[in-house]
Amino acid sequence: MHLLSIDDLSDGQIAAILDEGERWFAYNRQPRRNDHRLDGLTIVNAFFENSTRTLLSFEIAANRLGAQVVTMQVEHSSIKKGETLDDTARTLNAMRPDALVIRHGTRGAPADVAAIMDCPVINAGDGIGEHPTQALLDAATIRQHFGRVEGLKIAICGDLKHSRVARSNAKLLERLGAKLRFAGPPSLLPDHLGATGIDEAVDGADVVMMLRVQRERMEEDLGDGPGEFLTRYGLTEGRLAAAAPDAVVMHPGPINRGVEIEGSLADHPTRSLIVRQVEMGVAVRMACLDLLAAERLRQA
Amino acid sequence: MHLLSIDDLSDGQIAAILDEGERWFAYNRQPRRNDHRLDGLTIVNAFFENSTRTLLSFEIAANRLGAQVVTMQVEHSSIKKGETLDDTARTLNAMRPDALVIRHGTRGAPADVAAIMDCPVINAGDGIGEHPTQALLDAATIRQHFGRVEGLKIAICGDLKHSRVARSNAKLLERLGAKLRFAGPPSLLPDHLGATGIDEAVDGADVVMMLRVQRERMEEDLGDGPGEFLTRYGLTEGRLAAAAPDAVVMHPGPINRGVEIEGSLADHPTRSLIVRQVEMGVAVRMACLDLLAAERLRQA
Amino acid sequence: MHLLSIDDLSDGQIAAILDEGERWFAYNRQPRRNDHRLDGLTIVNAFFENSTRTLLSFEIAANRLGAQVVTMQVEHSSIKKGETLDDTARTLNAMRPDALVIRHGTRGAPADVAAIMDCPVINAGDGIGEHPTQALLDAATIRQHFGRVEGLKIAICGDLKHSRVARSNAKLLERLGAKLRFAGPPSLLPDHLGATGIDEAVDGADVVMMLRVQRERMEEDLGDGPGEFLTRYGLTEGRLAAAAPDAVVMHPGPINRGVEIEGSLADHPTRSLIVRQVEMGVAVRMACLDLLAAERLRQA
């Protein structure tokens, strides 16, 4: 079993990951953590794109389950010597890892690698494809806060066209019964989403999920001046006033303060769940690694 | 409790770290080391400046206590995506580390991070600020060699203006009762130190501590030709002849042979404590990590 | 005891490494691996040249024996600050590692480092010098496949002049009783080898071991057009037809498809041992680390 897309998970598996994620969340707050259930297993992180939070999150998650963790950094890789991704996958597979976590700049690369590997592969972000563990941690954070996801009005706002976070979240939150709204700059909206302006999306929303402006993935320049993006498409305190009274703000991070979100909102003690998302990230990744590894040990 | 500066430590804590450091020094020379007292704890090394010896030293120290160690390298960090240091700290904190070791090019950055973190923060060097574990390992090395620090005449020589090592050592060695002398190129002397020429500083000294020429931190070029720095400000065998008969030489490393210190002195079998400092470094960092983590577990 | 060259090993040690390598090969295929025999030992990987497969292979090998593993990457090292290799070795030694794995671009550098270290040093590739663990894993792979090495006709083909893999393999396979043939572009042949054309070398061979074209180590440009290297010096299906009926193909990786080897041959389900070599690599390195560490613990 792989975790390349939200589509790979059954409803039961999603529920199990959210439940276990909340459990690990509490566990991680304990002064000492002595669970070594993945002792004797090798988890390889293959990161072909730079990342801080996602790599650290997976490394800590695997460590906290007692696994042996090895990280391959692309800067030091054979890729520069012209090896194909398939050959890299065959090499990694021959080292008999028990799970492979992969981030890659090209959509579909994790699936190509998974087709070669004998162990579970977790997609930690593939270009403009998916980022399933981000969606799972977002859903777990929402559920922990509201006690449910079903029936909540959730606005996903920003560069929807290039966002793997939006793609995975749209799939997962819809399956969990949320009512989704989408908003963003017109040039950054995929055609198939019924997107609106941000004010319309935020109106009455329980959750406003802002996306990072992914300048590095944009094909067209938005041509905006300083502060212009925030005014036109970003989340401000004024704009959030139209949301539900207890509405919360989310962001996958790292945030661009004053671009897609007003800094004071990101730091808001009761409105912002942004830091909580990071904490849930480690917990949900523990749940994912445990689920995949446990299934594998059962098969053996 | 944090270890940002020597000022953070009580006299009792300093004594405990030096005692425990010597104990771990002996422990590390054993053929096998089975102490896992920090098993189940997560220690994050966040290095925003390149380093070999300090990072390796902390990684090995944490490993030898059985902790789970994760290292964040700035080259792969969100910093490049424009995230603020405060936001990075909030992200790291949300991952619930049990100690954070931070090196940063800006003085005061570790204190800013510590203000956000819920766990102990160890300053592994902040610009021209402090480097407390270096001072502790230097003091432990001196005490191990002479049996005491009190009353010893210790010369600290070199770029005093930009040296965090000098700053932390001056504080610590003075508290331990050493008689300090300072010397260096006039343009590299802070005003508040009563600094002299190197010959005066070395005269009768028990310990001569040479600092690395930190060209990367200097604002003015010294304009010296090849060998000129050594002749004017460096430590030579000739110059050391004026020190106490059993005087020893120290250096935080990495050394510039023939610049601030004559190569033969650095390698001297009885005079040089330079390699011993490195060995004591791992030991003293084990003592620091253990002290901070133990205090935290007690609080829990 | 160090493992700098095949010459460092007695016949008995070679036999023990091959036997243990095969045992760890089977062990690594188990669903869970609970051997922690090197728990409490520190293994340092010092890689002064980029590498993916070799570094990962050593990291996983050490992890699977329960050792604490720390990796020093040259990009972050003091080397850039001008520290000599000897001073780096003294620093590493002072941290009391229990084994040091070193890759370096300069032939002989691991031996220089070993002269300083108190712990066993394993050469993981030194310029155009040796790469003994690669030769050991190659021999183990051949022996596992054929049940023996003695008497086999083995062709080693490619850039023999710059290949540390060829150098170590020539020594080892000859000692194990193989009948060696060498072939390569005339400008890339060392004078002392009785080298032939590739067709002559492959004729009747049981094993054809292709070397990676090491463009980065070549002093002269071969001046070949696209596909010309493969046609003149590479291994094609047509060329392999002249080998023994059950001949196998090997390559230390990463492969240049269509340069030194035809892609279909590299992927051949029964003819290619290339992926098997990678798998045996982890196993044989476990055997080497265990042998060196065990000997050291016995001495203690």
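Chains here go by letter, A, B and C, matching the order in which they are written, and residues are numbered from 1 within each.
In this section, a contact is a pair of C-beta atoms (placed from the backbone, for glycine too) under 8 Å apart; a residue touches a chain by one contact, two chains touch by 3 or more.
It should be emphasised that the depicted structure is a prediction, and the values quoted were computed from it without experimental measurement.
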Can we say the copies chain B and chain C touch using the same residue numbers, with more than half in common, or are the two sides different?
different
Through what angle, to the nearest 5 degrees, does chain A rotate to match chain B on its C-alpha atoms?
120
Per the C-alpha centroid definition, the whole-Å distance linking chain B and chain C comes out as 39
In chain A, what residues contact two or more other chains?
75
Touching residues of chain B toward chain C in the complex: what are they?
28-34, 47, 50-53, 55-57, 59-60, 63-64, 73, 75, 253-257, 266, 275-276, 278-279, 281-282
In the complex, go through chain C and note every residue touching chain B.
39-42, 44, 68, 70, 72, 75-84, 87-88, 90-97, 296-297, 300
